[in-house]
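Look at the two complexes coming up: chain A is in both, with chain B in one and chain C in the other.
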Partner chain A sequence: MEAIIKLNSQNSIKKYTRSLARFQSLIALFILCFVLSILSDKFLTIDNAWNVMRQISVNICIATGMTLVVLTAGIDLSVGSVLALSGAITAGLLRNGLEFPSANLYVGFTILGAVLAGLLIGALLGVFNGWTITRFKVPPFVATLAVLTIARGLTMLWTKGFPISGLGESFSFIGTGWFLGIPVPVWISGIIVLMAVLLTRKTRFGRYIYAIGGNENASRLSGINIDKIKIAVYTIAGGLAAIGGIIVTSRLDSAQPNAGITYELDAIAAVVIGGTSLSGGKGSIMGTVLGAIIIGVLNNGLVLLNVSPFWQQVVKGFVILLAVIIDKANSKNQ
Partner chain B sequence: MIKHFPQPFLLLLLSLLIVTSSCKNKAASDQPRKIAVVVSTLNNPWFVFLAQKASAKAKELGYEAKIFDSQNNTALETEHFENAIASGYSAILFNPTDAEGSVANVMRAKAAKVPVFCMDREVNTTDGATSQILSDSYSGCVAIGRYFVEKLNKQGKYVELLGLVSDNNTWNRSKGFHSLVDNYPGLKMVAQQSADFDRNKAMEVLESILQANPDIDAVFCGNDAMAMGAYQALVAAGKAGHVKVFGFDGAEDAVDAIKNGKVEATAMQFPQVMAETAAQYADEYFKGKREFPKKMPVAVELVTQNNVGDYIAYGKKDEGK
Partner chain C sequence: MQKKVIKYALSIVALIVVAYNSIYFKSLDEVKAASAVKQFDAASYAHHFFNKKLMPGIDKAVEIDALLKLVQSDPSKAFLSYSHALGIGNIRYFLVKGEGTIKAIGENTTTISYISDTTQKQLEIATEFVYGNAIRDASGLININEFNSTMDFNNVSAEINKIVRSEVLPSFKANGKVGDRIKFSGAIELNQAHLNLDHIEVVPITLKLESK
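And then the complex of A and B:
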């Protein structure tokens, strides 16, 4: 009886520290917002809040996929290039359609068709990532690094190195429109986050993701089809990067061949600041969302205060470092 | 025996065989001369255009041409130079990554008796390159600055968006602009931020700046991609038309935007002129000419709503095809 009580109290302490760990990024965010609202009277306005939310929506899309990948103890470095390629495919199809001179055939695309084609490309690259990682046992870092280069090259080939601009009013609604008083990109990223939270918390698939990251061998022995889960996770990450690409393209009314460079780092930073362990098995989608908000608020605040661009990079680096150090100290306590 | 041979090694051997055999073919004397186009980056349409025009002109003059992308990395540029020299290229049309860092590469080529012709950006040495055909960014931005002052009636608040802070051109342009604009105390710069020559970054940065300074009158951007991003941010904030946007480069989007009254002005550089002159010089060099201007500045022209009709992307209407 005593033993059970002891066990129970130990459990509750664990639970307590764990919920504290989740709160710590929330506390960090509050401190950050508090300081910024003292330093600048323009920071804490509704306008600026929407501004920040709209700006981080792309990172939230990518970082959500990245969280799933990192939970399986993987990493996806290709997201920035996948974003650029998907955006460019969508823009190209929308603007020029597809021409087959040999067959004397021209295929035009509606907005829906072009967007779906972009998403398909992103998902396919994700499948390719998953396939090389599971079939040939290529480490995720290397496999996705290769796809980072491949997808950037394909983007250059598709765009010939020039931006594709002038995509029309109705397409720009995706990136710049408002719906029920909320910017459309915020809707999109919000729905993605909601679905990812349900996926990780309520489904068997979600539990398998955590299990694989926690202990891959044990998961394999208990009969989980690890390869299938991993391929699915990388496919989701690719598809979400593609959604990010379509938002960016729509916001700019232009697909830039060099879009998304170093976006993978922003996404990883959001994941890490949000408390997800890079060694897999531990972490949450909501943590990542908080991480992305912290980065977004920091970016916005430093510009509002007109901090020199040199210092901005230094500050951002230290914030990431601080977050990881706190996280390390916390996981030791557990 | 073969069975025990490590597979990667076999592959390496095989590829070496293929490479060496193809090299032998190229070394034959009746092959056309080869020209290397080494360009700082292909991640920016302006440089893609420059590289393509240089390569196309070289081919038109009867040479083989190949484009090397240094990816803004001086170390990679060194490799390209070493490879080009080793594999028998006869000339290098060169767009350096860095005015100081690229000097060693140019000297390397000189030592191997391979002439180098610089395009758009310069290297800080007088006896390295055979000729340098340079875009005059500084005075281009002085011209932009003059028009800027005139358009704002010497009065108002403005924002400057810088390019990559590690790039020479960023500061050349900024200095040129400020050398003129700073003489007018009525013009107040309320924010100076970097947007990395990137359209998306420019939009996001200006969106944030507009939160702190909703009453600005103008934005000066270090290139046209940023000018377009800035315009997009102004549209989103409902301030398009009230805030004047100025760019630099003469890219297609910006020329169109000036026509439609969205952007006030840009500075037209002439990448095609620079690229084709460099290829032309290489041709003349092969034919025995040795006297070239050490530095040949190519003027940068101010494009405004008054004269935009004379221009197309990256050049003048009547120039070339």
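And then the complex of A and C:
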């Protein structure tokens, strides 16, 4: 009888630990907000909350794509450069159009046209990532590292190293406008998150992503077209990075050739803090959103507390490390 | 089969609608002619700004001695009342005027001494390297939003500095001697977070030598 009671209590402790682990990001976020609201009277204000949400919306876009990639046990280091190139293409086409001197032709782009072109470039670079990874079996780390350099170089060539500014008030609305009392970038990232959640939870494609990350060989043997799914995932990641690039360009009213440097690290950090396993097959979009919010709140809090930017990087690094260690410990327990 | 045809037809129509609302075509010559008219002339803008906007109001600049005293006693008031800057950083610019005696003429700067209450104080006037945005930003008269690109905006600064190098400095450098009295106006830069009042360098706008 005693043995049964002991077993029951052990089981309930295990259950409790498991549910605690599931909500660890949320708990961490609450603790962080609680501490920051004590340390800074400016932290817990509506203005600051919108400011944080607006700032993290770009990272949420990129990190959502990154989550899909990481769930397939891949990684995409190129997103920061893809963001810069897409933003630059959008800004360049909107401002300067395309010139064809031999035909004495000028092709002008409306906002819709320029945005679609930027998205297309991002998606094409994603296709290229997926193609090199699946066709030539190049490790995702190396393939996307190459595209990181290629896209940054192309951005420099397109912009000639100078920012492209003066894109007009209508275009600025994407990054700085408000709709129904909520900043437009927050709407955009919210819609992306909603679609990604539905994609991963309610579609066959989403189940395939988890399956590939869990066990690629078993997935192949069960008839899943691995290459097709992977190319699609990298394409989505590229497209979402492009959306991030368009938001950044619009917010600054300028495409900066150096935009997006180290953004991939923030996206990976959000994914990891959100509990997605870097070895694939385990994780969730909502976890990543929480991870992005934690990073955003941490950045904002450190700025409000006047912490040097150099120390901010150190703190962020330790938070990522801590998240991975906790994740590993949880995996072992389970 | 019929369903497929309808699907393709609808897709093509959607594509045409999107394309129609995305791009437009013009003659390249026509566009180039229009943009040539619109081309920003930084040199003319800078000359107009320097002669018609900056110079007429330069006498209203704050006395440097009074400013530095206020910066020491009440920095927030001094920065709030007299400084200008583009962004929200700690580097801020002031439009100042003053007078003193030339104490030394160096390769890059001229040292001016002046009496503040009963103490003798010194400052430097840049006479060789006139770069940066001090004059443009200190004036508070040029709004970045008036420009199509940051390059145009920065070119205005470059042209203002060129005016100082070509129109303000040559006669001063040719005629100024140690011991001469001088009236000056110009721009100075101060870092709100790390105040350093021991080394003040004025980027000159006017330099007027007075006979002894």
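Methods note: the second predicted complex is superposed on the first by the 314 of 334 C-alpha atoms of A that agree within 3 Å, B and C clash if a C-alpha of one lies under 4 Å from a C-alpha of the other, contacts with A are read in each partner's own complex, and residues count from 1 in each chain.
In the analysis below, a contact is a pair of C-beta atoms (placed from the backbone, for glycine too) under 8 Å apart; a residue touches a chain by one contact, two chains touch by 3 or more.
From a predicted model like this one, the values you see are computed outputs, not experimental measurements.
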Chain B and chain C placed together on chain A: clash or fit? clash
Thinking of the overlay built on chain A, is A:101 touched by chain B (first), by chain C (second), by both, or by neither? second
- Task: Return first, second, both or neither, reflecting whether A:310 touches chain B, chain C, both chains, or no partner chain.
- Result: first
Touched partner set for A:184, first chain B, second chain C, both or neither: neither
Quick check for you: in the superposed arrangement, does A:165 touch first (chain B), second (chain C), both or neither? both
| request: In the overlay, answer first, second, both or neither for which of chain B and chain C A:254 touches. | output: both
Check: Of the two partner chains, chain B (first) and chain C (second), which one does A:112 touch, if any: first, second, both, or neither?
Finding: second
Re chain C stretches 26-34, 116-124, 170-178 or 188-196: the one overlapping chain B is 188-196
Overlap of the chain B and chain C interfaces on chain A comprises residues 162-163, 165-166, 254
The chain B residues in contact with chain A across the complex are 42-45, 48-49, 162, 165, 190-194, 198-200, 203-205, 207-209, 211-212, 225, 228-229, 232, 235-236, 252-253, 256
As the complex stands, chain A meets chain B at residues 40, 42-43, 45, 47-48, 51, 55, 156, 160-163, 165-166, 176, 248, 251-254, 256-259, 261, 299-300, 303-306, 309-310
Chain A contacts chain C in the complex at 97, 99-101, 103-110, 112-113, 116, 162-166, 254
The answer for chain C against chain A in the complex is residues 18, 21-31, 147-151
